[in-house]
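In the two assemblies presented below, chain A is common to both, partnered first by chain B and then by chain C.
== the complex of A and B ==
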């Protein structure tokens, strides 16, 4: 059972390394975003000691650790799933003894590990060059953050797969997938701590699923939440995981009934 | 010239029909772009709730950088980016042959084949943000508007040259997807004043990867803080880049192997 998925993992790993120039360019892109965010926030903090609950050291840590979490969590499969549905390539998988969604999950675990390794290396070099005053978390905070990252990965995977399956209804589902990507990227807290936003918007974003992808794990890492908020946060994160799983399963089952295997 | 305008018109109508055939996709793609633009705008506005200046620029001045980035980026996306982006697919499949066979200049057809109507629609809110930003500078002389317009066009020309360079790489390697995305990410850095970056990054963004010249120069010229020597440099740079990109395109075409066709 597991052997075939181990093979999928191995092949995916090799696949990433096959297109080395493309992979390298992708890493350069990550460094550019990291640099932009780092310089932006250190510029904002020239002068004031503390803004929106962050010191300069804390915001730098937020950017760097946020970058690590992002590389682990945000690995998309929606494009491949949508293309397989639109081209009929999905048929090949439906007749094989393989769980299609698990297949993509395993493939993306390989990408996640590769990206994480590179991000750790890049962040390490970045820390050596910039020498920011990083504050390390306490052991319980680190543990809570890691649990939350694992849950965030599950949440992201279900949302991402749901977006891909929309291709059963609209050709390749470019529009919904792009809109969802933008929402996830900008309201997850990767670009900026959501607490800088006006209070009402912050409150709304705080209960949406996207803030549980980066902002909540980062808050846990930096020990910004009291016990009750931690408990409520995990409760909401798990609720969103359950809901997004049900949504993904429903979309997949309904979609398969509509699937016409055009071109497959 | 008339023939090319006619071809462009036909392609634009064709693109519009194709896009609008899936209305949900069309409007959600525009929504995604507006979410991106709106949230970065909100981020900038929120930062100024806490600090009076960013890298020495006030809120209206920082907004000007953001608005200028949007206008230039959207113009480039709407006019030629999609066409050049799609070349990788055509080269890989061998379908680029069709472009070479047609009696229209191959660079024109490659770049201007796809008119991105979504970006044309996104141009409306971007223009509104720019108009609002201009209204924050009530006593600016008309000459600065004129200079701003010239440098915006100059920025679009430089963006065109960079796109040609990257598109031509497709004739050497199939791995150009991230090169295009890298160009996009570099452009995104210009949403904020380039003064946030320390040296040597700022120098690199001016001389090597001229993102500063594309976006920050028009904004700085409008604010009257760009030296004349840099204005001349911007025009000289666009001339050199456009000329060399056309030469590079022609030379690179010889490497096209028509694989898979």
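== the complex of A and C ==
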């Protein structure tokens, strides 16, 4: 039973390696973004020693580790799923004894491991270039952060799949997918610590699922939360995982019914 | 599955379709921008009867052709048989299973090949997808080795197995699609337009393969095609579908008996004749000296031929059945039906 997904995993690695140049350029883009964020923040910090409760070292660590988490968590499949639905290619999966969504999940786990290798390499280059003062976490904080990253990956996957599944109703789900991507990029805490935003907005974002993708794991990593916040955070993160899973399952089942009704 | 096959005299029923109906709801949009805006608010839906009360049975080892114009309901029927569509009403059984439940036990026994869709991984060589399908269908190693070498030999694709799929020609890709679909030795095979877009030579090769495969493995095959050539060469039995209903189900040869009310006299003259005078014999559908093609009523074909021989300087004469393509076209357009 699991052998089929192991093969999917192997093929995914081969697939990435087929496009060496594409893959490398993607990584180059990542390094440029990383440098941009770094210089932006170091410029902001020219005057004050502390800004929004962050020292310069802390913010650099935030950006760097945030980037690492982002590479691990934000690996989209929504485009592939939406295309398969729109083109009818999904049919050839539905007639075979394989779970389509799990198939994509496995493919993306493979991509994630590939990204991990690359990002570690990039971060290494970055550290050599800029020699930032890195803040290393304590062992318990690191452990909590890792658990949270795994949970964030699940949350991301369910949201991302849900968006792709909307293609059952609207052409390739362009609109909703774009909106979700924007939301996730800007309110996950990937670009900046959400705490720099106005209090009200910050409070709202803290409850929404997106902050649990990057901001919460990063806070755990940097040890910024008291025990109660850690507990509440995990509670909310797990709640969102459950809700987004139910959403994905419901959309998928309803969507399939529709696909069966109108044909693909 | 050569060992799974049975004696010819005890034909097993593989597919049973009884009074199948499949209606779609399609929303109607009025023309123009105003219509588009209106449809944002209120949508009118209309039932489209894609399949409207279709029944047939297919026995093990049969190779049946589904023909009909675009939108006749061929693909819808095939999709219902594969479990992709849920029937509006009626009964569908494939190997005793209800395909809509998508049980792995059934899925491991059939395959669907669509000429316009591919399951091969675009950026990898075809053999990688073969390996994936081997695992998906849980084909044992030995069986896989045997099947693949057999298929590769039949389709002559040894050299292209290691080439990325996106670099293959359409014909080569289609061959690989077939191999990917047949690795688990399906008892039932649904081929939806398998020769679409292929050149004549490749079409012929595909047909030869399908025929050969059907005979060698006694698999049951349903084939839909736009090309009469596919059906004429491959299928003894055809089911003609039009507007969601079966208009004919039987031997290909019987179509002529049933629907052709005329025969064709094709003549070669010794010297020029007046075209107008030929009209006495029958309807002249073509005349380029020295050849002429004349359509005559079926019952009177011999008398008309005799008259032609008596009154004209005939060098050569043939009495022919009308081409099956024409008959079927006439069936669809609803004219000249006997």
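Brief remarks follow.
We adopt the following convention: the second predicted complex is superposed on the first by the 259 of 264 C-alpha atoms of A that agree within 3 Å, B and C clash if a C-alpha of one lies under 4 Å from a C-alpha of the other, contacts with A are read in each partner's own complex, and residues count from 1 in each chain.
Heads up, the rule we're going with is that a residue touches a chain if its C-beta (ideal position, glycine included) is under 8 Å from a C-beta of that chain, and two chains touch if they have at least 3 such contacts.
Everything numeric in this text was worked out from a predicted model, so none of it was measured.
In the model built by aligning both structures on chain A, chain B fits alongside chain C without clashing. Once chain A of one complex is fitted onto chain A of the other, the partner contacts of A:19 extend to both chain B and chain C. In the superposed model, A:97 lies in contact with chain C only, and not with chain B.
Looking at the superposition, the partner that touches the larger set of chain A residues, chain B or chain C, turns out to be B. Put simply, if you stand at the Cα centre of chain A and look at the Cα centres of chain B and chain C, the angle between them is 80 degrees to the nearest 10.
In the overlay built on the shared chain, the residue A:43 is in contact with chain B alone; chain C does not reach it. By the document's definition of touching, neither partner reaches A:125: not chain B, not chain C.
By the touch criterion defined above, A:3 lies against chain C but remains apart from chain B after alignment on the C-alpha atoms of chain A. In the superposition on chain A, contact of A:196 is made with chain B only, not with chain C. By the touch criterion stated above, A:32 is placed in contact with chain B alone, chain C being left untouched. Of the two partner chains placed around the shared chain by superposition, neither chain B nor chain C is touched by A:134.
Taking every C-alpha of chain B against every C-alpha of chain C after the fit on chain A, the minimum distance is 7 Å. In the superposition on chain A, the residues of chain A contacted by chain B and by chain C overlap at 19. Against chain A, in their complex, chain C makes its touches with residues 24-26, 50, 75-76, 79, 82-86, 100, 102, 104, 107-108, 110-112, 114, 117-119, 121, 123-124, 128-129, 131-133, 135-138, 164.
Every residue of chain A that touches chain C in the complex is listed here, in rising order: 3-4, 6-8, 11, 14-15, 18-19, 87-89, 91-98, 257, 259-264. Interface residues of chain A, counted against chain B in their complex, comprise 19-26, 28-29, 32-33, 35-36, 39-40, 43-44, 47-48, 51-52, 170-176, 178-183, 185-187, 191-192, 196-198, 201.
Chain contact summary for the complex, chain B toward chain A: residues 22, 24-29, 31-33, 35-36, 39-40, 42-43, 46-47, 49-51, 54-55, 173, 175-179, 181-182, 185-186, 188-189, 192, 195-198, 201.
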